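You will see two complexes here that share chain A, one where it goes with chain B and one where it goes with chain C.
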Partner chain A sequence: MSGTVASPNLGSSSSTTAAPLLEVRDLKVHFPFKRGTFLKPERGFVRAVDGVSFTLREGETLGLVGESGCGKSTTARACLNLVKPTSGEVLFQGRPIHGLGDREMLPLRSEMQMIFQDPFASLNPRMTVGKIVGEPLSIFFGGSSRRDRELEVMRLLELVGLNPRFLNRYPHEFSGGQRQRIGIARALAVRPKLIFCDEPVSALDVSIQAQVVNLLEDLQQKLGLAYVFIAHDLAVVRHICDRVGVMYLGRIVELGTAEDIYGDPRHPYTQALLSAVPEADPAAERRRKRIVLKGEVPSPDKQYPGCPFADRCPIVQDVCKQSPPPLVQIENAAARHAAACFFARDNKTVRLL
Partner chain B sequence: MANPLLQVENLTVEFRTDDGVVRAVNDVSFHVEAGETLGVAGESGSGKSVTNLAMLRLIPTPPGRIVGGRALFKGEDLLTMTSERLRKIRGRHIAMIFQDPMTSLNPLMTVADQLTEVTRLHLGHTAKQARDHAVTMLERVGIPAAARRVNDYPHQFSGGMRQRVMIAMALSCKPEVLIADEPTTALDVTIQAQILELIRELQEQQGTAVILITHDLGVMANSCRRVAVMYAGRIVEEAPVDALFYHPRHPYTLGLLNSRPKLEADGSSKLQPIAGQPPNLADLPAGCAFHPRCPFAIERCRTERPLLRPAPTGNLFACHVDVTTAVPHLPQAAEVRT
Partner chain C sequence: MTTAVIDETEAARRERLWEESRRVQGVSLGQDAWRRFRRDRVSMLSLVFLLGMGILAIATPLLPLQSPRLVKVDQKFQPMKFRPLFAPTAAWLDDAGKINEAKLDECFGELNVVNDSLIKLRAAIFGRWEVTSWLGTDHLGRDQLARLFWGARVSLLVGVVAGLVSLVIGVSYGATSGYIGGWVDSAMMRVIDVMYSVPFIFIVIFLITVLSEESIKKWLLEHGIDRIVIFYVVVGAIYWLTMARVVRGQVLSLKQQQFIEAARTVGCSRARIIFVHLVPNLLSIIIVYLTLTIPRVMLFESFLSFLGLGVEPPDVSWGLLANEGAKNITPIGIVWWLIVGPGLALGLTCAALNRLGDGLRDALDPRLKNR
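Up next is the complex of A and B:
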């Protein structure tokens, strides 16, 4: 199997010795599939997540970027124990979460929450806002009185910038941005330490995206939240994240601070991805040299003996097709800037920004 | 500039809804010339898609209704010509690419069937000619093993490949105007770069005029020569691309540009969102529709709708205020919390 295991202290702050808030060790999620005809069945595994490791400190924001199907969302789901990993470990505050039963998992659910992409599909249309935001309260703080819960819901609505008097309205009475605020209020109700934000702004209009991004930043400051921020919008990720992991075919191919990833990208995929994002600056766009990758992301149901990016890589060498490059610290780069590429040390030719 | 290829004048489209009659497109005028790309920007519900659908008489009627205006293609009005005549132009001279390649191809027809349908109808190709042409088109849009894949069904293609099939179909009759409605929104950025590059190449080879509808300002800066910004069914600013990005004159354009994080900026500075929510078309504010969200609004904006006027930089903008000198204040929508 692949040996993409990050060196243990990669990413986490070396100044604190306390266990990180979240630690993911060589996580793999493989989905079995069966296809083909009755007479010629074909069996195999979709390697949605194939050896992901990272750590997250309290109050920190880690971005996971990559194209559709690269395993960003599955990684988040596995961290929340919503899908069962094939192998690997997820530790929340030093405690492994897999293998915990539903009841043992319950207290952890109040520590880790999720905000979903589609604010239209993720709110029950038959429940009022008060019920939607109040439901987690009655599950986790069942002892409190109804009046207390209602006051708490109003406080939460206020916190996310909604009028507390909207308590008895239904989701359809709100616009997309307001619905996303309701989803955020619901996640905050149980006072989590960590929120997985899965494409929280990509379904929103441009003028509204900034409102929600600012809200997430304000809440982080006020409440000391940590975020795992999953998005394909690289500009938003740069804005909100402290560190960024770039994913390709179920693996993290580059991991570092936002500054390093955007200012000094070393993996050829990161470089191509960044060069593909058009910027709102016509003159820069005309000057820009774009690395246009050939082909598409290959299917995750095959196993590659070498680097999964080899077929599309502009700097591929023979060695890349023999064994997969591990995610390791880049020799002449900033501390804790890691890439899974044999040539990351010298691949500095493309200075994008 | 005497006779643009396509000229839309005072187009107005209404829809009957439960909340009453809604003007989705209100007195919209623009033109596009051969070989140029016009961008149409705006939020969902701003009327950018309806404008282009209405032009080709593709809106469902009822509930939709074209209330007024003209859409002149080489001097002929698309809105009043006979359906037979329009059918000869649609798909042949003016083609369209839709946002969602998953739903705009027929899942029960092979790609070959769908590609040959247009050329047999419009160009009178024989079955053999049409098939060869289909393979050539698929090769041109970069589909590997085109001769074999032409027999596949849409579900056998990935999203990016399906969008290429759509483009191949739209371009197979060498249209003079290509309307691309969010052609890359459903795609990943590396595929988006490939598709935009492809549209540009084909445009250079064939001199096609392109109307590119998108809400992505980056795509706009990358691909367009001129840009029209729509808000609440109207064009509020139209300008050459550089003037729009470097000298925006409408507060809404300015707001859109400021609310985007920049790729090269670190996260230390706060984003400046536009206050409030997108307007409800059934209940538009009086005066300028943007005034409740506008940080430059003055008393006059509440009562009198501004008309498009020119700026020295080449912009046409609909605003009473000069944003280059005016001092912003807290907009109304920020005071009354929504």
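Up next is the complex of A and C:
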């Protein structure tokens, strides 16, 4: 092995501030399951998140990318204490949040918010927009009058580009893109520092996706937000992210600046993902070759002795099946670029086929 | 015009928008359901029937009906007769229109403030006029029509109150159990399983028999506890079991929804999630289930009254009336008008409630309709 093992605060080495905004150390979330017949029960764990570490500075955007089921949402939910981590640590501004009860978690809820994956299921169908967006206000700024709250909600609706007159309408009277804006307004209501955007655009029409991403970028500039931006393909996060983590089967397999990931991907999985992204330049697009992954989509309830990607990897070697490759710095690459592959250092060629 | 808009301060602009927002009221799911419901003729008819029944029951003291208790042995087993329609025969009013308190007590029993003023209002409006025995009389010469109306008050009240008792207990229990989940849920559900296996009918019968024993009854009455109050509580406490199960099942699927997770993310407490986010989304199923519980409770009351364990004479309920009617089925002849009245009233009410439940379910959840 030729890399150095990545330090836990990989990525913030150049930062001089005391503690990063969010620090995740070796986070694991395993869901127990029981199945099989009554006589021959099978017990095990779905390793939804299996050792994720990253850090995030104030105002920064980290992309988390990976195919469906690789544990992106679960990572976000564990960071917000919506699901109990099996092990590992989550620190917000240096304060540990894992294991906090609902009451102790409350002050942190005004710092960290989430925009949900499904704009249809994430809004209570029985509440008006005013109530939905006003709810966090009444929880955190309890004393305010209903009218003041409604005025503040209207300000938020305007901020996310919705007509503030629609305060008393219900979610089902809005389109998907508008609903996602309502979700954004709700997340902004408590003036958080960090927002987890869980595939905020994948349920939306392509034409509306760009609008919502632009809105998120605008808000970031105006309000100095930090984002963890979750997506299932690399195309969406390209413009909005400072750094990108590529997830596979509950692990981050490659982490680096957006330039590194898009310009110099080292993990074969990243390269496969990138090969699926269409190029803007027609000449490049003609040259583009897709790397089609063979083998079945892996299941998170199995434990792999070696590299979890081995079954599908185009450059798999014997060594890969023996021990799992750690996430390591790539020596001669730019700082803060790491990949979990034994051949990351030499593996420049696949993309350039 | 343009300058006015530009000159408008930010605060004033917000005020204006706020005023305008009041005019853009959305259509809630409930309003939407009501629109669908109104198109359903039979269900609307059931609703109108039930509302009419309820209003009549409440207004009974105001109506020019005979006394439901006054015994007139000389007029026993009169058949249905509509002529004359009215007669100035109210025994509790003298010729000058003054109320004879002793007689009033004999005719209507002890009256609470509301009923008392309704009766006085009736005396002022109708004087001594009251309807004749349109639906005939029973074995003591009591007017069957009046007894049906006064019986409706008891039967409907039992249904509604016991239904609501079961609703409050069932919804709170079921929603809490389903939302908390884990071992708490398992424990709470096992309690229900155990309660299901208890033969409640026997327990109720036993309980009421014990409470009907003279000395206990006297003691209870001294403390202001009527048998009917015990009845509400006992029946409500039995019928919540199924409601709790139904609600729990719904909560289990509902709590997986993202808006519940979103509510947790913005810091909602458990109680707030249960009662602000979960329960309103269960409203449709709760209402539907309530319309099915009420007839069951009413039938149970009739059953107990039929056994002589429910409402006590001289109070009346439909079940008690049916019981008396059945007693008069003899080899010599059937006094059919004493059975048809309460039977029809009970049957129609239960049918209307069931139909209403169906209609509400269709209206509240249009996806289910075409299955």
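As a working rule, the second predicted complex is superposed on the first by the 329 of 353 C-alpha atoms of A that agree within 3 Å, B and C clash if a C-alpha of one lies under 4 Å from a C-alpha of the other, contacts with A are read in each partner's own complex, and residues count from 1 in each chain.
Assume a contact is a pair of C-beta atoms (placed from the backbone, for glycine too) under 8 Å apart; a residue touches a chain by one contact, two chains touch by 3 or more.
These numbers were taken from a predicted model, which means no experiment stands behind them.
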*Should the superposition on chain A be reported as showing a clash between chain B and chain C, or a fit?*
fit
*asked:* A:H232 in the overlay: touching chain B, chain C, both, or neither? Say first, second, both or neither.
replied: first
*Report for A:N168: first if it touches chain B alone, second if chain C alone, otherwise both or neither.*
second
*asked:* I want to verify one number. Taking the Cα centroids, what angle sits at chain A between chain B and chain C, in steps of 10 degrees?
replied: 80
*Name the contact category of A:L82: first (chain B only), second (chain C only), both, or neither.*
second
*Is A:K302 in contact with chain B, with chain C, with both, or with neither (first, second, both, neither)?*
neither
_Tell me the contact category for A:R126 with respect to chain B and chain C: first, second, both or neither._
second
*Which of the two partners, first being chain B and second being chain C, lies in contact with A:L106: first, second, both, or neither?*
second
*Tell me, in angstrom, the smallest C-alpha to C-alpha distance between chain B and chain C in the overlaid model?*
11
_Common interface positions of chain A, toward chain B and toward chain C_ = none
*Tell me, which parts of chain A touch chain B in their complex?*
67-68, 161-163, 175, 177-178, 205-211, 213-214, 217, 232, 234-236, 238-241, 258-259, 262, 272-285, 290, 292-293, 295-297, 353
*Mind pulling up the chain A residues that touch chain C in the complex?*
77, 80, 82, 102, 105-106, 109-110, 113-114, 116-118, 121-130, 135-136, 139-140, 147, 150-151, 154-155, 164-170, 172-173, 183, 186, 189-190
*Along chain C, where are the residues that touch chain A in the complex?*
14, 17-18, 20-29, 257-259, 261-270, 277, 280-281, 283
_Please output the residues of chain B touching chain A within their complex, sorted ascending._
43-44, 144, 158-161, 188-194, 196-197, 215-223, 241-242, 245-246, 255-257, 259-267, 270-274, 277-278, 337-338
